[in-house]
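The following blocks contain the structures, represented as structure tokens.
Look for chain A in each of the two complexes below; its partner is chain B in the first and chain C in the second.
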Partner chain A sequence: MSETTMHSPVDVGPLTSPDGGVTLADAYATTKIQVRAGAATAAAAALGVSYGRSRRNADGDLVCGTRPDEWTIYGDPGRSGAISATVPTEGFVTVIDITHGRAMLRISGANATSALSKICNLDLSDELTPNGAVFSGSLGAVGCDWVRDDQGGQTSFLISCERSFGKFLFIAVADACTEFGLSIPAGWELHPH
Partner chain B sequence: MIIVPCPNCGPRNSGDLRPAGEVISRPDPATCSLSEWREYLYMRPNPAGWVTETWYCRGGCRRYFTIERNTATNEIRGQEAS
Partner chain C sequence: MTNRLPAQPGEVIDRSTSLSFTWNGKQMTGYEGDTIASAIAANGVDVFGRSMKYHRRRGILTADHWDPNLFLQVGDEPNVRAGSRKLQAGMVVSTQNVWPSLKFDLAASNQLVGRFLSSGFYYKTFMRPQFLWPLYQKILRKFAPGGEIHWETSTHGAYDKRYVHPDVLVAGGGPAGMGAALAAADAGASVLLVEHYTELGGHLRWGDDAQRAKAAELAAACEAHANIEVLVDSTVTGRYDHNWIAVNQRSHATAPERLVKARAGVMVVAAGLIERPYVFAGNDTPGVILAGAARRLINLFSVKPGTKAVVMTANEEGDGAVADLERAGVEIVAVLDARKGESIVAVEGRGRVSKVQVNDGRMLSADTVVTATGWTAPTSLLNMGGDRPVYDPVAARYFSNSLPSNILATGGIAGDGSTAELEAHGRATGELAANRSLRRRHDRVSQTARSGAPTWAKPEEVADSRTPLARNPHPECYRSTTHGMVDFSEDVSSKDLVQASKEGFDSIELMKRYTTVTMGPSQGKLETVNAASVLAEANGVEMADIGTTVWRPPYSPISLGALAGRILEPVRRSALQDWHEAHGSTPLLAGQWVRPDQYGDAMAEAANVRANVGLIDVTPLGKLDLRGADVPKLLELVYVNKWQKLDVGRVRYGAMVAEDGVVSDDGVTGRLGEDHWLMTTTSSGAGAIWEMLEDWLQTAHPEWDVHVTAVTGGLTSINVAGPNSRTLLERLTEGVDLSADAFPYFSVRTGKVAGVSDCIIWRIGFTGELSYEVHVPSGHALHVWETLLETGVDLGCAPFGVEAQRILRLEKGHYIVGQDTDGLSKAPTAGLGGLVKLDKPDTLGLPELKHAYGRDDLPILVGIQTVDGSIVPEEAAQIVDGDQNTILGRITSSRMSPTLGRSICLGQVDPSLSAAGTEITVLMADGRRIKALVQEHHAHFDHEGARQRV
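Take a look at the complex of A and B:
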């Protein structure tokens, strides 16, 4: 499988508030492999997570139960071939590289949940979305797939949406973070409220 | 706002779902009359009370499921995957 050269819809580096309470970063290059498989297939057994949960495999890839009978595997950039090769394809199974079709961002920090809650109707409390939780829902009116993937003990969410909504979503999330000290890059136009 | 319990995703804002209408039985198109078919396509009882409805969880699991909803109070009981 050949790797495709990708161009992120967001051309800015990580944005961090002065107090470090929230960091917003483009994660578009993350390899994203979508697997759809029947529950009785070898692929379902190998992936080994149920809907709504995630786990890190031995290679460090994040395997997520995105929907019933559907998984998404997130890995380092340029690993689509290697990741796809690990999924058994016997039976009713499809394995698709959706890296280029999905924008992705990572938002981390103590204020990440508060910032996201401003533009999301999901309950992002630790009780309902603990570390490892996988879910879908609208964020800034954009349909997104979410993973709670804490890093270094800090709350962190990986959020992906269709690529064409990527910059819109990034700006909407950045706007929500301004209350917590994040500065918007010069030249960016926020969405009208 | 209505909170709709998806059997896969749990309670969700109805804005994340799409109502697909009352559950009605489909007549056999080979044997039913034109008026029965028209009734099936276009007419709904729409009572002020309990109805069984199909909903689509478009923002979450992307599955159809049925619930019982009181159209007068929006109270919801029972849920199952379609």
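Take a look at the complex of A and C:
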């Protein structure tokens, strides 16, 4: 890849409510590798996670069963080559770096679920959506891929969408967080007056 | 506060906090905890407004959210329900729908002609003459009820929404509802308890000491329970399929109103009972109130409702009201026991009740009439679940008939009982609801991929073994021997209903629509049962034979703001959009995308492309990464042309048609490797084409090895166009030979541009110039864009926007799917003749394509130039038959060409006009008819393509 700096569609943050109940951060730079492979392939076996669930592998990357016969691997920035190399390519397997094409945010904290539930009609309760859950659904009228990826015992979601929607999504989520004390930077209001 | 009583045991007002407000311009004070209505009443006000049609004086009737006489203007907000909205300091409260004042309302003269304003008056009167309707409309609007909105100066914040997924939703926070919530929560269910009033407790709140104590005990338990969320001042307004339940939350810290969308396992309806008025002459005179209203005013707000009262009672609520009134110092002139056949015949009085005529012939002096004559069972939510309640003449109210398993009823709506019996029934209902909802939850968890397996056993199904609540006998008290108001919201009297029946509107549904009874803001809560009774009497049948109207959502009116909530309209931005805006671009909304329309002078931008080199951000182009050995098969299927033999490193234009042969999309697709392709689509078609490809792959050809990945946003697309484009790119490109021989027209290469790897470059020419489309990984797009501009300064490099691109492509004669074609344009219309290969074994739309190419009547897309080149016909201007108005086509695209110095167009014309040189007539929007000539080619400029093939 290039030595130039990656520009995120979200040029703000992270934002945190004064009580720490919710934190919203841009995660665009996260390496995102998409794998398409049949269930009988070596790739599927190596990835070792079923549709709807995720796991951390030995390298610390988050392997997600995004859709049937489709996985997404999230890793630290700049790990595209390293992650891709771990996927066996025997048979009909496609490995694509979708880092640039997916905006991503992380929302964490005790109020994260409540904030998201203002603009998402999915059941995000602990039982239906436990830590490790992987799913797709509309958030703020934007189609998103979700992973519940708790951190330090605190509820946390990694949410990605098509890059061009990234700024709108961040604004919509930030707006939903205002009920829980998050302050919106000037110019980032959903409905500026 | 002349009517304020000394402290009452259960009062909810805080006497230590006075609140100032104005009522029709007069300064008043109330207390924290007052409703607007209770505060005004405490200040001695009897008349709160005027009725809708006859403008009769109206006072407090129910003293709660349902009161049809308490719709007031508060500041810039109309139709505020003063019976439930809490008083706030500084409120400016006024009457609605009066002129010039509440006291002297000119429209009250309607009462003088009331006999002519009966039901059906509109239908009968304003039908003819038809031409006068606009005048009628203007006048009638003056009489439209309701307050005034001031949206220009509104200071309301944004409305809000929220989604919840409780196992059990309990509608109603009385003893049964709270019992149900607690039992369900104790059993492990998550519970959303929704209470219509501002506090839990239901009717216990204005009851005796023991009832208030019980209410407080249950409320505290509910609020403390970890599994229960309590929403007060909120109403369940609708139940939809699969227990999708709408809750209108009226007071919230961060929004004036909030729509809570709940998907509940089981809904428990514990909505209690709503007291209904008694129908008699003068029953809408201020001073006539319901027993519950009197009790609420006295016990909750410490407001004395009058000085001398006649009470008509048929039940315990009326008996309780007598006790409360006596305690409040109200003289009880008479208690008429409806259980013994005693009743009111009529009242007299203008601004307030003064005399009461009793059915034993007595005429009593009183300023207050309190009635307790029975209940409306608010079965609305049950109806929405498919129930058709049945009338029980012994209990004189309706009860549910059959309910689906995910709806249960408890409390007053299910029967009668003591507080303990109601709570016990509620608890049994809650346990049943928990059992059913937890079984459902277990299924959901075990069947949802993301959830994993449940860690608890699915409960055994339990039968509904609840002991039914009793149905206490209650006299059927609906109407006296006189006629009075049935629908206070719509000013519909019992006399109107009888008249409607006589006119043939003798079914409850027809009568409702003809008279508008039950169609006002009360939505039948006070008037449905009385209306059915009057109709039964008029028809000479039993109540049970009349049936009911269908209650539909919303149960309680909800503001449009709450329904809208936050406006979520996603916009798509390329990685360069911030740059465009920072450099003076005019934004253009193209579908969901916001794009740079121009940077100040589109004509100059277009001219610069022809003379030097320009850059345009074309990221919205749909881009699909295709991988696999079977990609050519897929392309052969969806495109009208052939793809099997396209070499690696080459690109090809392709067009698609739908099954009906109509042109659906087009674009360029390149072969990056043996099994790796990049397809582009139109911007608007990107999503649909992606879905269409997946549809074919997953349903028709799962055996094909093809993976499709949408990469529209991942690749920022920059078109470098103009005679200097090659020179510019050569300065920044590594690993790619850009010479004409090595990189010919319609080729693709991958390499490094401005230091950024993995760029895809293809040579195509939408603008008609030597040009390259560079697809850059979006995170580095800004760097590449800025580097191109900086490096090309000496080459005249400048950005150009969408408008300049439209000019350039029109000069070149390139059509745009959806603009120059439409929903009827088949391949021959778009001029795809040479491209379409009818000899392929299969192509989407192939039969229709073959049929279309056998026709000679399809319109043809042609290049058009006006005879007077200074005139630019409007896009969509019609092409007509000379001086006649027969439509023979239309202009689809038109612009002034900076290159040619004249107007240029594309247009669809009848085949008879498609020959080059044909003179056509274009009908302009201003009515002029101008002449134009059909051109030999679509292209107005460089038809041979010499400029792009250098």
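In this section, the second predicted complex is superposed on the first by the 184 of 193 C-alpha atoms of A that agree within 3 Å, B and C clash if a C-alpha of one lies under 4 Å from a C-alpha of the other, contacts with A are read in each partner's own complex, and residues count from 1 in each chain.
Operating definition for what follows: contacts are C-beta pairs under 8 Å (C-beta built on N, C-alpha and C of every residue); 3 or more make two chains touch, one makes a residue touch a chain.
Predicted, not measured: the structure shown is a model, and the values here were computed from it.
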Check your understanding: Looking at the overlay, does A:I119 come into contact with chain B only (first), chain C only (second), both, or neither?
Key -> second
Between chain B and chain C, the one with more contact residues on chain A is chain C
For A:F92, is the partner it touches chain B (first), chain C (second), both, or none of the two (neither)?
second
Contacts for A:Y51 in the overlay, against chain B (first) and chain C (second): which applies, first, second, both or neither? both
Counting only touches as set out at the top, which of chain B and chain C does A:T129 meet: first, second, both, neither?
-> second
Chain A residues where the chain B and chain C footprints coincide 51, 121, 128, 135
Contacts from chain C onto chain A in the complex sit at residues 158, 160-165, 190, 253-254, 261, 263, 441, 444-445, 448-452, 454, 566-575, 578, 593, 619-620, 625, 627-629, 705, 707, 709-715, 752, 754-758, 777-783
Per the touch rule, the chain A residues reaching chain B in their complex are 51, 67-68, 121, 128, 135-138, 143
Chain B contacts chain A in the complex at 8-10, 12-13, 15-16, 58-63
Residue set of chain A touching chain C in the complex reads 1-9, 11, 28-29, 34, 36, 50-53, 65, 92, 94, 96, 98-103, 117-123, 125, 127-130, 132-135, 140-142, 162-169, 172, 175-176, 178-179, 190-191
